[in-house]
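Okay, so chain A shows up in both of these, paired with chain B first and chain C after.
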Partner chain A sequence: MLKILKDLSRKVIRSLFGPKKNIKIGFYGPPNAGKTSLANLLCQDWTGEDIGTVSEMPHETRGVSFKEKVEIKHKGKNLTFKFVDTPGIATRIDYEDFLKFKINKKDAKKRAKEATQGIIEAIKWLDDMEAVIVVLDSSENPYSQVNITIIGNLMARKIPVLLVANKIDLKKSNIKKVQAAFPEYEVIGISAKNRLNIDEFYDSLFKLAKKV
Partner chain B sequence: MVSKNNKFKGFSLQIIPFNEVRNLNISERVKKILNLVLGNKLVILQGRLRPEEEIRLIEDTMAMVDHIKAFKGIELAVIDPDMKNNSFFFKFKKGIAKTLVGDTSSLTVIGPASVVKEVKNDPSKLEVFLG
Partner chain C sequence: MPNRCVHCSAVYKDGSEEVLTGCSSCNGKFFFYISEEKLKIILEDKSEEIELNDIDKKQIESDVREIAGIEDINSPVVLDFESVKITKPGKYLLDISNLFSKKRPLVYKLEEGKYFIDISSKNNLA
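Now for the complex of A and B:
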């Protein structure tokens, strides 16, 4: 009896003060910002598997995908995450936009339909996130209404946020503009494609996890 | 002057004063806006939507894109001449304050995507509508 009580109290203390297990982190942002590229990089580093496919065509990710129990060791610390990769959020979907990527009309329409459903799914998942990595394309204007809506919602829901300014390898990349747009958040510039600044990104990820 | 072949052709303007939406709940506000947009109206809302209303608007828009043929979605832009160069955070806080106190100096433009993009790029085009 005494042993059972001791075990129980140990479990309670661990759950209250010990490291949090499987921190649920969502990857959100506009289409083609590099959410899946970054999620893949992390999953490849620690599980050897991708979370999804990447493409130059917008809305390549059209459904929410997960990677459970991604255990990351960084600078002597050890945390376990559940990564949730979400479709890019947009206010408009036009199948004709996909035609320029040389796919046929039928496939373009199918892709558009899946993309609309993916956006709805991504929005529904917002409330379930413990923290969110917002991935923006640092070569694009950060003041887009979609960015403002996503970050405004996370702020209103008090969900901890890490802002990732991706694609710093591009000439047009401007991290300072992203920082100026969202000064209340930590902004980390990376290139998921070329693995630039990833060690610093891991620092930021662990800082984010502390806020959960 | 705007040429006859511009993107605004076929659309009309609908101004919604703050008083008209003040007492509506989130569903009613979003429904009202989307009904107008689907009726080929460019909506000028006095004030701005709350973050949860914006995201709900996107969600409902996507459901409509999925079900209504030829509807490609919306574009949403907040025009506030006093805060052009301020950060998102400042705008956001100010925006929340405005929603709460009903200060309605900013305008929210919602309409079929191509039309709002034009207005956002050149807000003076609104003057063309307003005469």
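Now for the complex of A and C:
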């Protein structure tokens, strides 16, 4: 009941004072799916700055990072976002997995510790998000425990979600499989690295903002 | 549930003074909760236990303190291994369903400088 009243008052305020400013959007997903690549693309397009660094080595993003007041103009509409990039969520972090990227044992263990800390931090931040962009690697099996847990939790918390199937430039990419795994959500296939389908992504982003 | 000292494996009943003041045999202040059943299994069959040397144990304690943001090294820490398991330094297993649970906070700061890192809950949302 309280929630209905809250939603109603939010809608009334919105209609009186225009669109909401600085919509908080979080980028969530498994490691190495391209969360930071996509967040960087958006931030570069509209602020000329990156939000974080990207790497082939998983768990490059180990802390939550923000970009405030990203004003996006798309097809005559204008919205302002706060983007929150989060570390990749995983169920197992093993420093030995990093050794093949030619870093030493000490740094690999440090990376594992920071990645674990980052996951706990990312999950803590979820409550502050008004909407979430879940970035998945479309060349990987979508039915993973991480994907199902993240999306199941977002659904339970009633946070609006846009599913991004990234890496559509890869041969193994399969957007249909992602769509079949999560039929409740709109899935948009993109390649953040090669800038494929980004205009359509902006359409979906504005649709997502409407749900907030 | 009993508390077990990570450093010397001494076991204390829940609510024991040693958990606050430090382990009576090694003075350690890093404990974890262990169920009666698991404790029985370990005591009967040593192969069930994860082998860690002293350096590993110290490293794990300092990693846990850092992950949980507990700066005071004299504060006792009790870890609930249901959500974050550390099998060796640099090797972590995370139960993300538990981590996502909104029922309880990640780290409790109790009185007398005792911290309880409890990231588990039986009422998961996922």
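In this text, the second predicted complex is superposed on the first by the 195 of 212 C-alpha atoms of A that agree within 3 Å, B and C clash if a C-alpha of one lies under 4 Å from a C-alpha of the other, contacts with A are read in each partner's own complex, and residues count from 1 in each chain.
Note that in this section contacts are C-beta pairs under 8 Å (C-beta built on N, C-alpha and C of every residue); 3 or more make two chains touch, one makes a residue touch a chain.
Keep in mind the model is a prediction, meaning the values are calculated, not measured.
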Inset, instruction - Evaluate whether chain B and chain C can sit on chain A together after superposition, giving fit or clash. - result: clash
Inset, instruction - Mind working out whether A:153 is in touch with chain B, chain C, both or neither, as first, second, both or neither? - result: both
Inset, instruction - Report for A:143: first if it touches chain B alone, second if chain C alone, otherwise both or neither. - result: first
Inset, instruction - May I ask you to decide whether A:109 touches chain B, chain C, both, or neither, giving the answer as first, second, both or neither? - result: second
Legend entry - Partner chain(s) touched by A:89 [first = chain B, second = chain C, both, neither]: both
Inset, instruction - Pick one for A:180: touches chain B only (first), chain C only (second), both, or neither. - result: first
Legend entry - Partner chain(s) touched by A:117 [first = chain B, second = chain C, both, neither]: both
Inset, instruction - Please work out whether A:22 is in contact with chain B alone, chain C alone, both, or neither, and reply first, second, both or neither. - result: neither
Inset, instruction - Using the superposition described at the top, list the residues of chain A that contact chain B and also contact chain C. - result: 89-94, 112-113, 116-117, 119-120, 123-124, 126, 145-146, 148-150, 152-153, 156
Inset, instruction - Going by the contact rule at the top, pick out the chain A residues touching chain C in the complex. - result: 89-96, 105, 108-109, 112-113, 115-117, 119-120, 123-124, 126-127, 145-146, 148-150, 152-153, 156-157
Legend entry - chain A-touching residues of chain B, taken from the complex the two chains share: 50-52, 54-55, 58-59, 61-63, 65-66, 72-78, 87-89, 91-92, 95, 113
Inset, instruction - State the interface residues of chain A toward chain B in the complex, per the touch definition above. - result: 89-94, 112-113, 116-117, 119-120, 123-124, 126, 142-143, 145-153, 155-156, 180-184
Legend entry - Parts of chain C lying in touch with chain A, wherever the complex brings them together: 63, 66-67, 84, 89-97, 99-100, 102, 106, 119, 125-126
